[in-house]
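Should a chain be cited, it is by its letter among A, B, C and D, assigned in written order, with residues numbered from 1 in that chain.
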Amino acid sequence: FFSYGTKILYQNTEAVQSKFFPPLQKAMLPPNSFQGKVAFITGGGTGLGKGMTTLLSSLGAQCVIASRKIDVVKVTAEQISSQTGNKVHAIQCDVRDPEMVKNTVSELIKIAGHPDIVINNAAGNFISPTERLSPNAWKTITDIVLNGTVFVTLEIGKQLIKAQKGMLFILHIFIGPMCYFIVPQSLLSLAAEWGKYGMRFNVIQPGPIKTKGAFSRLDPTGEFEKEMIDRIPCGRLGTVEELANLAAFLCSDYASWINGAVTQGPKFLLSGLHPEKSKTKTNLDSQ
Amino acid sequence: FFSYGTKILYQNTEAVQSKFFPPLQKAMLPPNSFQGKVAFITGGGTGLGKGMTTLLSSLGAQCVIASRKIDVVKVTAEQISSQTGNKVHAIQCDVRDPEMVKNTVSELIKIAGHPDIVINNAAGNFISPTERLSPNAWKTITDIVLNGTVFVTLEIGKQLIKAQKGMLFILHIFIGPMCYFIVPQSLLSLAAEWGKYGMRFNVIQPGPIKTKGAFSRLDPTGEFEKEMIDRIPCGRLGTVEELANLAAFLCSDYASWINGAVTQGPKFLLSGLHPEKSKTKTNLDSQ
Amino acid sequence: FFSYGTKILYQNTEAVQSKFFPPLQKAMLPPNSFQGKVAFITGGGTGLGKGMTTLLSSLGAQCVIASRKIDVVKVTAEQISSQTGNKVHAIQCDVRDPEMVKNTVSELIKIAGHPDIVINNAAGNFISPTERLSPNAWKTITDIVLNGTVFVTLEIGKQLIKAQKGMLFILHIFIGPMCYFIVPQSLLSLAAEWGKYGMRFNVIQPGPIKTKGAFSRLDPTGEFEKEMIDRIPCGRLGTVEELANLAAFLCSDYASWINGAVTQGPKFLLSGLHPEKSKTKTNLDSQ
Amino acid sequence: FFSYGTKILYQNTEAVQSKFFPPLQKAMLPPNSFQGKVAFITGGGTGLGKGMTTLLSSLGAQCVIASRKIDVVKVTAEQISSQTGNKVHAIQCDVRDPEMVKNTVSELIKIAGHPDIVINNAAGNFISPTERLSPNAWKTITDIVLNGTVFVTLEIGKQLIKAQKGMLFILHIFIGPMCYFIVPQSLLSLAAEWGKYGMRFNVIQPGPIKTKGAFSRLDPTGEFEKEMIDRIPCGRLGTVEELANLAAFLCSDYASWINGAVTQGPKFLLSGLHPEKSKTKTNLDSQ
């Protein structure tokens, strides 16, 4: 039942040790763990966002998903809703536009109430050698990943403070140094600042997970997948279902003590200067 | 059913926002998640170790616990076993002694088979201003927390490589700069080096959790608990049950993609120069 | 001779241990260390930028400073030039505007040649509790500190790659979680990527230094200075001259081996739960 | 004049960009910067320790060096002393032995007075795949690098607190995850705790520098040097002289504001999955 449209596309590039680490794809939390809860997921129409929405919905949450392509979020909302039997709403929103974010948040509150869970999952990024990066391209990335996330967080945070209702954030952040660091640090700061209002802020750094969106942008030719996998100790990419289970745990009351934390999926590790020369590993890795 | 002898001693010092974050104390994973698995937990007779053993056992694992006080581990083993209906074994072991570790590991393998889960939880630490710390006191701490953990890991690792059977480690580490940093970093290195043998290495940095052992050593007069809580965004300590749920997740196949990661409970945060002067927070916190 | 207009305004809030750590205010590098070098400093008209420009100029560099207030940079340029006997040029530039950055860089190259040293020091930031932060205020900060720095770096980098001439960057970043993390990480990435073109990228995280600009924005009422100082192990703020000496070292050929590094001034430290209860410090600090 | 016995052995493996980054080998600080100061350097008979001693001595310091091989430290002491004209003393000391450390410190104080500068530079490490690492080998490494450093720091710290005289520590730490993390963190903690006594604690993470000692242990066959260099953005190793200049700066009063900081030499960087595929770098590096 916990299975989405998104397939694990092809993972024939797995390293040999991945046989020790098969993914467990079914829901981990008890049924109805999110009964009565409202979840808002940006970028919920595709990839990881769709996976998390599916799981939260199947565990009882009422979900609201938002992204630019209203058609995509609408189709996904209906598909999930018919699978899980729980309502999923779709709103059109470009998170880069503060005015649109404001409207989306007030529609969200109108149709579903103040959210208990917010997942900042919208992101767009592409790949380019720095010397060919234009000022505009740079701005586009920071606008979505950084400013968009901040706009959503600020607007919902202010509404929740007014309503005096706690809730939580999870933030997904994308591959690459730029946004890998800034968003987590701001979150830790918010955990300290807004903890008193009953809000939790946590971050997942998921490592690479094969979704159509991320991989078409970051590895369009497929040539880097194998090299990425060589750097992952388990020898395989994570799956959408695995990430969704981790996210559901952090969103749940089982994690009500966890605030201001960063949770990592597999990290890229420097796996030694040469894979076959394992004797160099211990001594040079983390320099 | 998932309730242990260890009480949440007294938490009358909770900050006001803790009402938003009540602990969810029941088991999170599906029943029988650890059916057929063998778990080895050092320091499993008390506190966090006892809590994790209780949960793993109640979810089907065959557990082996080991520490210096054979009476304590024996009583705990029987108590848990009678609660859960699953076998729990007790072995006497001082992790500082490589010979004793070797013997313990071979007994472990004899009575229960190669372990699927190893939790390095044994630790002892106490508190002292540095100028009164003697070389001997320093050595005692590093011997247990650092060397003991390494001896257990090396010995079991070697046995598993021989037996060509994957398994996983979780490592708990204690409050304080010394061991907070070194053990995690060595683990990340091992994840890269021994991932190919099917082993996973992950770390939990749990933040403060009220156990009799830890708090009698770190806060004997009880005077620091309140100050600690003031630095935790949720306004309360974590509970043994919450930590056990997190550990069980990381030990389970739901986390088979997670290797070489550090998972944090609540962090102490610099919550602003003065709690009431919230306007300083955002700008000065993370310097 | 190495003394600027900027005074150490008032430091009557110093902690008692600061008597052990008096600042050494004279130039550290040998005379003429920057003879024949061209340095470009954004925000060079005031505060830290003026201090670094003064020192580089007094050590022989030809300097070009740029900021929005052309009057301010002009006056500073003349003042320094008359002190040091070396040419200092002033250009008007708002680093948020990619077009203006492009023109500034081409003027810089025309009047002084390709720069050997670039110091991204322009920044503006202010203080606000997050719940009162507007989307616009957020954007203003990221535009200067983040995007401005990137625009300057991209434009000069591209010109230098074309000209096949190595050079180096230093980046100053401001107090606060937001920009404290993102800019350093992007720089490390650039060091790896553009090292092959002969460029070095290093970061200084200076900790608080009393300049009129920074302190009028971050501590307008003066009430936080004392609290900041309580968190600095030396019990005093850094001085403009001290920062300038550190920057000059990193810009010089004495540091030609240092690339992709972050150099810290004093860090705010968690100095124990209570300053007078030193016994808690060792064990709880870095949680 | 600032030239030691230790040669830059052979650096024919340098990457092409190293031509942009030639080392500047002469003394950076003004003459007599350490006049009247006493410096204590463990492991001062060879490699980096010898280099730092030579520079401090040539800038006026009275130096005391200590290590296990009394012949080696004696010869070095005489050699430096005759070069610089300033007294250098030699003491035999195994830093792993708390009693011997105590005696060494009291001899140091007797012959030269309380030290102003202490450089914890003694270290020994070797290389081995973890599965072949014995408990004893592990203990040997932690005993020197970790415990030895702590013993020296504790003993001198206590003497200085008694004498109410400030001073500073610099700590060198070796290549590899184990000791790379623990010692710096303990130091930051000490900076917060002992700053009030007038002590500064700073760390240098130098990256690889070619000394006979370090390279004979870490790269006995010479096969990894090239691979290391490929990961260093400047395309070459650091030199003993460069490290000595950096250390002298941090020991000097120019750095009296810097306490509790970690200063990095070149870091090993993940320079992209494939050096020639620069387009992957920006996006995957820091994951």
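Just so we're on the same page, a residue touches a chain if its C-beta (ideal position, glycine included) is under 8 Å from a C-beta of that chain, and two chains touch if they have at least 3 such contacts.
Predicted, not measured: the structure shown is a model, and the values here were computed from it.
Student: Would you mind checking which chain's C-alpha centre is most distant from the centre of chain C?
Tutor: B
Student: Interface check for copies chain C and chain D. Shared numbers divided by all numbers used: above half gives same, below half gives different; which is it?
Tutor: same
Student: Could you tell me the distance, in whole angstrom, between the mean C-alpha positions of chain A and chain C?
Tutor: 35
Student: So, what's the distance in Å between the C-alpha centres of chain C and chain B?
Tutor: The computed centroid separation for chain B versus chain C comes out at 43 Å.
Student: Report the inter-centroid distance (CA atoms only) between chain C and chain D in whole Å.
Tutor: 28
Student: Among the residues of chain B, pick out those that touch two or more other chains and give their numbers.
Tutor: Expected reply: 129-130, 133, 177-178, 180-181, 185, 188-189, 193, 207, 267, 270, 278, 281-282, 285-286.
Student: Chain B touches which residues of chain D in the complex?
Tutor: 98, 101, 129-131, 133-136, 138-139, 142, 146-147, 150-151, 154, 157-158, 161, 177-182, 184-186, 188-190, 193-194
Student: What residues on chain B touch chain A, complex-wise?
Tutor: 15-17, 19-24, 28-30, 166, 185, 188-189, 191-193, 195-198, 200, 207, 232-239, 242, 245-246, 249, 252-267, 269-272, 278, 281-282, 285-286
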